[in-house]
Structures are given as structure tokens and as C-alpha cells.
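Following this line, the structures themselves.
In what comes next, chain A is part of two complexes: it sits with chain B in the first one and with chain C in the second one.
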Partner chain A sequence: MIATFPYWGNYTIAFRVLLENLGITVILPEKTNSRTIEQGVKFSPELFCFPFKVNVGNYLPALEKGANTIFMWENIRGSCRLRYYWIVQQKILREAGYKVKVLNLNSKNFFSEIKKIKNENKISLWQCLKAFLLAFKIIKLIEELEKKANFLRPREICPGQTDKILSQCFERLSKIKIKKFQEISSFQKQTLWKFSQIKIDKKLNPPKVGLVGEIYLISDSSLNFDLEKKLGQQGIEIHREMNLSHHIKKTAFPWIDWFLQRKIMPYLCSTVGGHGRDAIKEMLDCVKNDFDGVIQLLPFGCLPEVTVRPILTKIHQESGLPFLSLSLDEQVAEAGINTRLEAFVDVVKNHYENKKH
Partner chain B sequence: MTIGIPRGLFYWKNPYFWETFFEILGYQVLVSPLTNKEIIEKGVKAADPETCFSNKVFWGHLLWLSDRADYIFVPLLKTNEQGLEYCPKFFGLPDLAKILIKTPILTGTFDRRKEKIEKTLEKLGRKLKKDKKTIDKAIKTAILKEQELKEKAGQDFFRKIQSKKPKIVLISHPYNLYDEHLNLRMKEKLTKLEAEPLFIDEVPLAETQISKGVKFGNPEFHWEFGKEIMRQIQEILKYDITGAIEISSFQCGCDAVLKEFVEKEFKDRKIPFLYLLIDEHTADVGIQTRLEAFIDTL
Partner chain C sequence: MKTKNIRAFLGIDVGSISTNLVLIDINNQVLSSLYLRTQGNPIRAVQQGLKELRNQIPKNTEIIGVGATGSARYLAGVIIGADLIKNEITTHAKGASFFVPGVRTVIEIGGQDSKIIILENGVVVDFAMSLICAAGTGAFLDAQANRLKIPIEEFGAISLKSVKPTYISGRCTVFSESDMIHKQQIGHSIEDIAAGLCHSLVRNYFSAVAKGKNISGPIVFQGGVSENLGMRKAFELALGQKIIVPPHNTVIGAFGAALLVKEKMPEKTKFLGFEISDKDIKCASFQCAGCPNQCEVIETRIDKKIVSRWGDRCGKWSAV
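Coming up: the complex of A and B.
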């Protein structure tokens, strides 16, 4: 089995470590760029979600290098189209002439599939468990670094320093082979030390903007045109609650949804699939914590996010919190996004100034 | 007191059912008229630009009713009797309707995985302060009416299938199929071109088949329409079919998935397949030309 998997921002590192430690030969999917998107769009159904097309584009170079299995998550509990990604991807790739199997992992078959892989590759139960723990630790580490960078960017004294260190760290992390917990903790120590060397203006209290929306887009900087970096460098602190570890937690402990539903009851009394409800809750939190703006990122035509958008607009009208909704697809150009972001930054800064007086 | 029912989306899932139910409860029922240009314009203006076209039309119907009815009925349809989900856009309908208009919205959650439809209807009747006897009567009549309609559709189907003309299957959601404006008057057009249109929704399914849940190598759809359409296609392929047309509204997320498998079924059997995408800009003339060309290929 030579495997590949969907590219997903910095999380790709964690997925690679997981599969390698399970004894699988991995060919990394190509990083998302305009060429892979173009290729993906060519093969995909026209009206499918944007992330689907991106995934297909990322697989293709890996498949040409010899990968024959794709790992894909099947979301059997939700109402969103992610449930059918694997079967449609398998269909269109096979029709295009690739001999490929898309392995669908879901919360029902997860343990049996992992057991199969474990027996095939003759690894012990401890090694298997260790692979998952290592991957989860790396996911946590990645999120910690991203969060720290979001905090440091608007406060740094030499502009661009944080991003330089951050990209160096991720580059190093993606190169080293991780087999032991010590390797992660020593890497973590070094990186945090590097971050502590960044000189910041401690008294500054920059305007805060919440980032809500579809999980894949908001956590992959190659897809959202480095949104966090751009806003951070213009002196805005980005807060993002939605990330992979939060999603894993929600999958493992379904009752979290019950508390979520209670919070958003006046606005929406049912799930709408995906992370629709989370977007509402996060925006309400932003209002409560006295933020200066909210940005919603969604793939064009995303079922849950489009459904909740009128509700987010209503919250925006009630509270007066600046709100920007950006829907991205293969036709969106970076220049257009930049213009809209610039205008939004002005609105946010105005809101921030008015609050002071 | 008047209860308004928008003639869109959920209405076509059980036509006449809600009307009968509320009439017997003793209310005046006002169903919005058949879709026209004005309704579409209203809906397109009010709705989110990225939502599907059928949804936009629904908002148009709702706005038409907003100053004509005292209450507007928008149920939250979640799962059907087999535990299969409706389109996720249905889940948000009542809450989004509350944002859009000021008329009070009458709603109930129809989740048949959790409780039977009779119980939900009873709760709805209690909310309107009706006694149990009237509610029971209303439920019974409404269900009977629905069964009657289904039987009639089935008989129609067997009459049509006997016809000597080239038979063309129209595949879509009921809210696109039965709405004369949304289905582009396809029935009329096809009859003029000397073909026999068959609605996929009319294909009767045997009861035993429903309970078994047969697999056909396609994904087991968790959407009720997905599973039903795939099964009905299997059923209709047993007969001699000349061509198939799928009508899909622009930005319908579910159809993007469904189309892949519907198209495959017909392509595998070398039956001509036409895919039509409708939105607020669809022109009648363009569709006519494409239809004529399609009929010529048969």
C-alpha cells in the first residue's frame, strides 16, 4: 500500500507522521497552488464544493508518483456533502484512468480499518497507539504555534519577524522524522524559545477580529490567501476557535453539541450540517467578548455556511459588529480579496477607535 | 384566522396534506399561487445570493404570503419515516423565515426518528388549542388524502407507460417537477414534440422493497430523495425508456452529488441523458432549442 491523503495546511505534517508510524509508505500530496486547483477543477463535477476540487488537484501529482490508496474521512454523522467525497473521488479518478482505492474512514469502521492496517504491517498495539498520540501532539503543537503567531504579529516591533520564524519552524517540522515523544518536546522547547526572542510591544491592545466559517478553508493558509498573516501585519489580532483538535473533540464527545445548541437556541433550533452552528456560537462569543469584527470564510455554495449566513448577518445588524463574508472558489482572484480586506480593516479600525471615545 | 402555506420546497413533498389538515382543524387556508415572475423576483432579492434557486423561489412565496395571512406554516422537516434526512437547507427554513418576515411563523419539528408523525401533528394541534378529537380526525383525513393521491399517480403511471410514443423520464425533486414555472413547462413542451413525459416521482415502489433497503453498488444516500430517486430509477429501467432529462436548480448542493450517479445509470445502458440547470436567468427559448435537439437524437 502506497498511500496519499488530502493536503490540509500545516496539519499535513501530522497526517504524514501518523501514517508513517503506522508503517505505511506515504507519498505526500502536493501543496495547494493555482496549478493543482486548475487540475482538480478539470476532473471534478462543476457544482461540487471547492475543497473537493482542491483535494482532487492535490492527489493527482501523488498518484502520478505511484500512490494507489487515498485516505479520506467520511463524515457519517453530519448532513454535509463531506460524506460523499470519498465515493465521488474514487469514481472520477477511476474514470480518469487511475487505478486507485479511496479508503473511507468513518466513526463506525475506524477501529476495524486501523486494526487491519496494524495486522498487515505487523506493528504492535503500543506502536499503533503511539502513532495516534504522536499525531495528536503534533496537531496540538501546530495549533499552539499558529495561535501564538496570531498573538505576536500585530505586536511585533520588527515587521515580518514572526512569520519568518514560523515558516522556518514548520519547514523544520516537515523535514524531521518523528518517532519519539521526546523529539516533539525538544522541538517544542526550541521553537518556543525562538518565539520568546521576538520583541513585542507589550502595552499594545490591538483591534480583535474573529475568524469563523468552514474548517478546511480557515485553517489552510494556502487556500485563504494567507488571510491571518495579511490581517496580522496590518495590526489586527485574529482569533480562531475552529480547528482540527476542536473538531476531533466534538466527534469523540457528541454531547458537546448539546451545549452548543443551547447557546444558539434563539437563532437556530436545529443542526444544519457541517459547522453551521459553530459559526453562530463563535460569532455570539465575539459579540460578548467585545471584538471589533468578524470574518466568515466559506467555499462557494457550501450548504451549512450559506444557510447560516443570514443569521450571522442578523447578529451583525443587532450588535453593530463589522462583518465580512468571503466565499472562495477557483475563480476568486487574490487582488479582489485584498481590496475587500483593506476596506474591512478600515471599518474595523474605525469601530475600534469609536469604542475608545 | 388564515394560515398561509408557501407553495414551495416542503409543500410539494406532501401536496394537499397540510392544506387538508388545517382546513379540518377549522382554519381558512391560503396557499400561495403557482410560481410566477413576480414571486421569483421577490425571492431572488430577499434570499442569500448563493443559496439554491428553489430556495430563492420559496422565499418569494413566503414574502407573497407575509401580508395576506395571520400565520404562516413552515415546518422543520428533519427525517422521514425510514429515518432518512431531508435536505439540510430544510433544517434552517423556520428560523430563516423568522428573520425575513414579521408575520408569526407556525412550526413543528418532524423528526420521525424520534417520534411518530401523528404525535408531532397532535402537538401542533394542541399549540393551536384544538381538542384531541378534531386533531385525530384531521390527521386521518390528511393521511387518507395523501394515499389517495399516491394511488392515482400510480395508476396514471401504468397508463402512461403503455403509450406508444417515445417515453422520456423527468428526474428532479418534487418541488422542481410539479411547479410549472420551475419545470419549464416541460410536460407541455414534450407533449407538443410528440413524446410522453414520465415524472420520476410517480413511479410506484413496492412496499417490500422500501423496507428492505436494497443496495445497487451506489452509495447508500442518507438523503430521502437521493435514496428514493436511485430506487425509482432502478424500477423504471425495467421498462423501455427512450431518454432521460434531469432538471436541477442552480447551486443545489445535493444534486451535485446525485447527478454523478443518476447520469451513470443511464450512460451505462446507453440511454440519452440531458442535464438542465435552471436559475432566475433561464430563458424559455434556449430550453426549447435544446429540447428539440435532444428529441432529434433519440
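Coming up: the complex of A and C.
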């Protein structure tokens, strides 16, 4: 089995570590860029979700290099079109002439599929468990670094320093082979030391903006045109609650959704699929914590996010919190996004100044 | 004895359809303003604008600050040497609230996009810009006027003659065009169709751009399309209240940029001088193959010397 999987920002590193430790030969998917998007769009149905097209584009170079299996996580606990990704992807890739199997992992077959892989590759139960724990640790580490970078960017004294260190760290992390927990903790120590060397203005209290929306877009900087970096360098502190470890937690502990539903009761009474309810809750949190703005990112036509957009607009009108909704797909030009972001930064700064008086 | 120089600020707005230049003095008085067609070549438009401006103003004018705005603001900023590069929304809001203090809503319709800006106490609190679709912009009106064989300058006046405007679907340029042809074929008069187009554009604006926005007076209407009398009337009918068209309505973005740069008061301007209009400016783009990002990098050369590069994510090229 030579495997590949969808590219997803920095999380790609964690997926690679997981599969490698399960004893699978991995060919990395190509990083998302204009060429892979173009290729993906060519193969995909026109009206399917944007992330689907991106995935297909990422697989193609890996398939050319000899990958024959694609790991695709079905949306466990949730109901959006992510459920059909694996079957549609398998169909269109086979029709295009690739001999490929899309391995679908979902809540029903998860343990049996992993057991099959375990027996095939002759690894012990402990090794199997360790692979998952290592991957989860790396996911947590990646999120910690990204969060730290979001905190440091508006405060740094020489601009661009944080991003330089951050990209160096991720480059190193993506190159080293990780087999032991120790390796992660020593890497973590070194990286945090490097971050602590960045000179920052400690007294500064920059305007805060919450980032809500579709999980894949908001956590992959190659898809959202480096949104966090752009806003950070314009002096905005970004807060992002939605991330992979949050999603994994929600999957493992389903009662989190019950608490979530209670919080958003006046606005929405049922699930709308995907992370629709989470977006509302996160925006309400932003209002409560006295933020200066909220940005919603969604792929064009993402049903859960499109459904909650009017609700978010309503919260924006009730609370006066600046709100910007950006829908991204392969047609959107970076220049248009930049103009809106720049104008939004002005609005956020106005809001921040007004609050002081 | 040397005469005292007139100190002035230049605002330049390079959009998709028009390139505007406004020169203001220390007391915010407009010394000179220009409205040119970009015609798909922003560099030539900027050069020509500067050339014409130099001929209009007295020789002893000293430019002490330049602000650039519009969709080509980075390019214009690089070739002219701007002290301030600002997005269109902020500059339009600035210009509107200078002429109409206390303005609450700004409707701006330009060549390729339309905007709504909501202000409170002179600061922008909310905005929206039209996405992807060109219906509801000046380019749409331009194309339809062309089809009706009416010069765009007379379009407004002709549409005002209409007694009963025709209903034309305004959801999409393509549908609207076929609907308009159909209305022509069944015998509606040109005046009614012209007025119908204005109404359909206004409908489209409210459903696509201004949806969910809190519109309250005073309302200002500006941008190239605000010259069109038919559009002014259509907006007044749709909103049920008076709309204000400020002076310098077509060049107000450039005016706002000049005001903003005056507020910022740069110590020494980066302005490269009027000579730039005679120099050889070239732009080229290439794809960087250094990493999987594969960024499109754009570089500008003035007289074959590289002055600026942008478009890369890592900063390898932009640090010239």
C-alpha cells in the first residue's frame, strides 16, 4: 500500500507522522497552489464544494508518483457533503484512468479498518496506539505554534520576524522523522525558546478579531491567502477557536454539541450540518469578550456556512460588532480579498478607537 | 525675489474604467481635477494624467504628499511614489463625509464594482462590495447603452423622458440583455427601456450589494454612475428620500486619498516628480519556482531599473 491523503495546511505533517508510524509508505500530496487548484477544478464536478476540488488537485501529483491508496476521512458526526467526498473522488479518479482506492474511514468502520492495516503491516497494538497519540500531540503542537504566532504578530518590534521563525519551524518539523514522544517535546522546547527570543511590545493591546467559518479554509493558509498573516502584520490579533483538535474532541465527546446547542438557542434550534452552530457560538463569544470584529470564511456554496450567514449578520446588527463574510473559491482573485480586508481593518480600528472614548 | 510655492497634495484613483487625479491645497480647496479613461493600461493612464495635470497647474506648485487608491493602487503607488496607499472604501467615505458632514450612507457605483458604505459619526462601521457579478455597475450600463446606440453621456437625460419605465430583469447581465432585446422587439420605446435599465440596476444593487444593510439618511450617491440623471431618479424612487450628489462626485475617491495624505502629513514626500510621465515604465510577471507556493511575482522597471516587486508570499522577491 502506497498512500497519500488530502493536503491540509500544517496538519499535513501530523497525518504523515500518523501513517508512517502505522507502517505505511507515504507519498505526500502536493501543497495547494494555483496549478493544483486548476488541475482539481478540471477533474471535479462544477458545483461541488471548493475543498473537494482542492483535494483532487493535491492527489494528482502524488498519484503520478505511484500512490495507489488515498486516505479520506469521512465526516464523522456531522452532515455535509464531506460524506460523499470519498466515493465521488474515487469515481472521478478511476474514470480519469488512475488505479486508485479511496479508503474511507468513518465512525462505523474506523476500528476494523485500522485493525486490518495493523495486521497487514505487522505492528503491535501499542505501536498502533502510539501512532495516533504522536499524531494528536503534533496536532496540538501545530495549533499551539499557530496560536502563539497570532499573538506575537501584531506585537513584534521588527515586522516579519514571527513569520520567518514560524515557517522555519514548520519546515524543520516536516523534514524530521518522528518516532518517539521525546522528539516532539525536544522540538517543542527548542521552538518555544526561539519564539521567546522575538522582541515584542508587551504593553500593546491590539484590536482583536475572531475568525470563524469552515474548518478547512480557516486553518489552511495556502487557501485563505495567508489571512492570519496579513491581518497580523496590519496590527490585528486573530483569535481562532475552530481547529482540528476541537473537531476531534467533538467527535470523541458528543455531548459537547448539547452544550453548544443550549448556548445558541435564541438564534438556531437545530443543527445545520458542518460547523454551522460553532460559528454562531464563536461569534457570540466574540461579542461577550469585547472583540473588535469577526471574519467568516466559507467556501463558495458551503451549505452550513451559507445557512448561518444571515444569523451572523443579525448578531452583527444587534451588537454593532464589525463583521465581514468572505466566500472563497477558484474564481476569487486575491486583489478583491485584499481590498475588503484592508477596508475591514480600517473599520476594526475605528471600532477599537471608539471603544476607548 | 523667489515667489512662494503653492503647496499641494495629490490624490490619484486608478480604477478599472477611469483614472482620476485631484490636486488640493492646504485649505482642502480643489486646485485641479482630472477624469481619464484607463483603457486597460493603468501605467499609461497615470503617465498621461500627470502630463495633463502639469499643463493645468502653475509652475510654482510644489507637491508635498501623494495618496493612491483604486484597484491599481499598488501599481500606481509604485510608479508615482505614493506616501499613502489606501483602499477605495476608506477614501470614498472620507471624501463623502467632507462634503456632507454627518452622512450615514454612501452609495458608490463605479466602472467594475459597486459599494455601500455605512458611517456613524464620520467613521465607517460597515461596508459591502459587489462580488464577481458585473450587473449593477457602470460597465453594465455602458454595454447596454452601446446596444441601444445611445451615447452613455445622454443616457440619463433620455431615460428621464420616460413616462412608464419598462420592467427589465436585473439579476444578471446576460439575462438582462436578452430581456432588453425582447422588450425592444415587442415595441417598447427607447426612453422606457433606458429608464427600465436604471430601475433594474437599482434593484440589483439593493439585492446584491446593499442587502441586509441599515440604510438611513443623509444618503450620498457618488462614483462615475452618479453622473447619470436617470440613476439618481431611480435611487430616489427606490429609497423614497432625497439623495445628495456631492461636488466632484466622479473623482471623490482621489479627493479622499488627497485628504487622507494631508492628514498624515508626510515629512518628506516620496513623489518621483512629473518627469515620470516621460520615462519608460514596464511591468512584467513571472512564476517563482522556489517552493510549492508558486507565487506570481510582478516586477516594475522604470528606465530598465527594477524599482519594486510584489506578489510573493515569502518576501524573497519583494525585498529588493
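One rule holds for everything that comes next: the second predicted complex is superposed on the first by the 355 of 357 C-alpha atoms of A that agree within 3 Å, B and C clash if a C-alpha of one lies under 4 Å from a C-alpha of the other, contacts with A are read in each partner's own complex, and residues count from 1 in each chain.
To be clear about the criterion, a contact is a pair of C-beta atoms (placed from the backbone, for glycine too) under 8 Å apart; a residue touches a chain by one contact, two chains touch by 3 or more.
Since we're looking at a predicted model, the values are computed, not measured.
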Which superposed partner A:P310 touches (first chain B, second chain C, both, neither): both
Partner chain(s) touched by A:C80 [first = chain B, second = chain C, both, neither]: first
Partner chain(s) touched by A:G66 [first = chain B, second = chain C, both, neither]: neither
Contacts of A:P254 with chain B and chain C, given as first, second, both or neither: neither
Contacts of A:S222 with chain B and chain C, given as first, second, both or neither: second
Touched partner set for A:E342, first chain B, second chain C, both or neither: second
Contacts of A:R35 with chain B and chain C, given as first, second, both or neither: second
Which superposed partner A:S327 touches (first chain B, second chain C, both, neither): both
Which of chain B and chain C A:P159 touches, first, second, both or neither: neither
Those residues of chain A which chain B touches in one complex and chain C touches in the other: 310, 327
Contact footprint of chain B on chain A as seen in their complex: 45-49, 76, 79-81, 83-84, 87-88, 91-92, 267-273, 276, 300-304, 306-311, 314, 327
Complex interface listing, chain A residues touching chain C: 30-31, 33-35, 160, 167, 222, 226, 310, 313, 316-317, 320, 322-323, 327, 331-332, 335-336, 339-340, 342-344, 346-347, 350-351, 354
In the complex, chain C residues that touch chain A: 71, 86-90, 121, 123-127, 129, 131-132, 212, 214, 291-294, 296, 313-315
Residue numbers on chain B that touch chain A, as the complex places them: 48, 50-51, 76, 78, 85, 88-89, 91-92, 94-96, 99-100, 109, 219, 222, 250-257, 259-260, 264
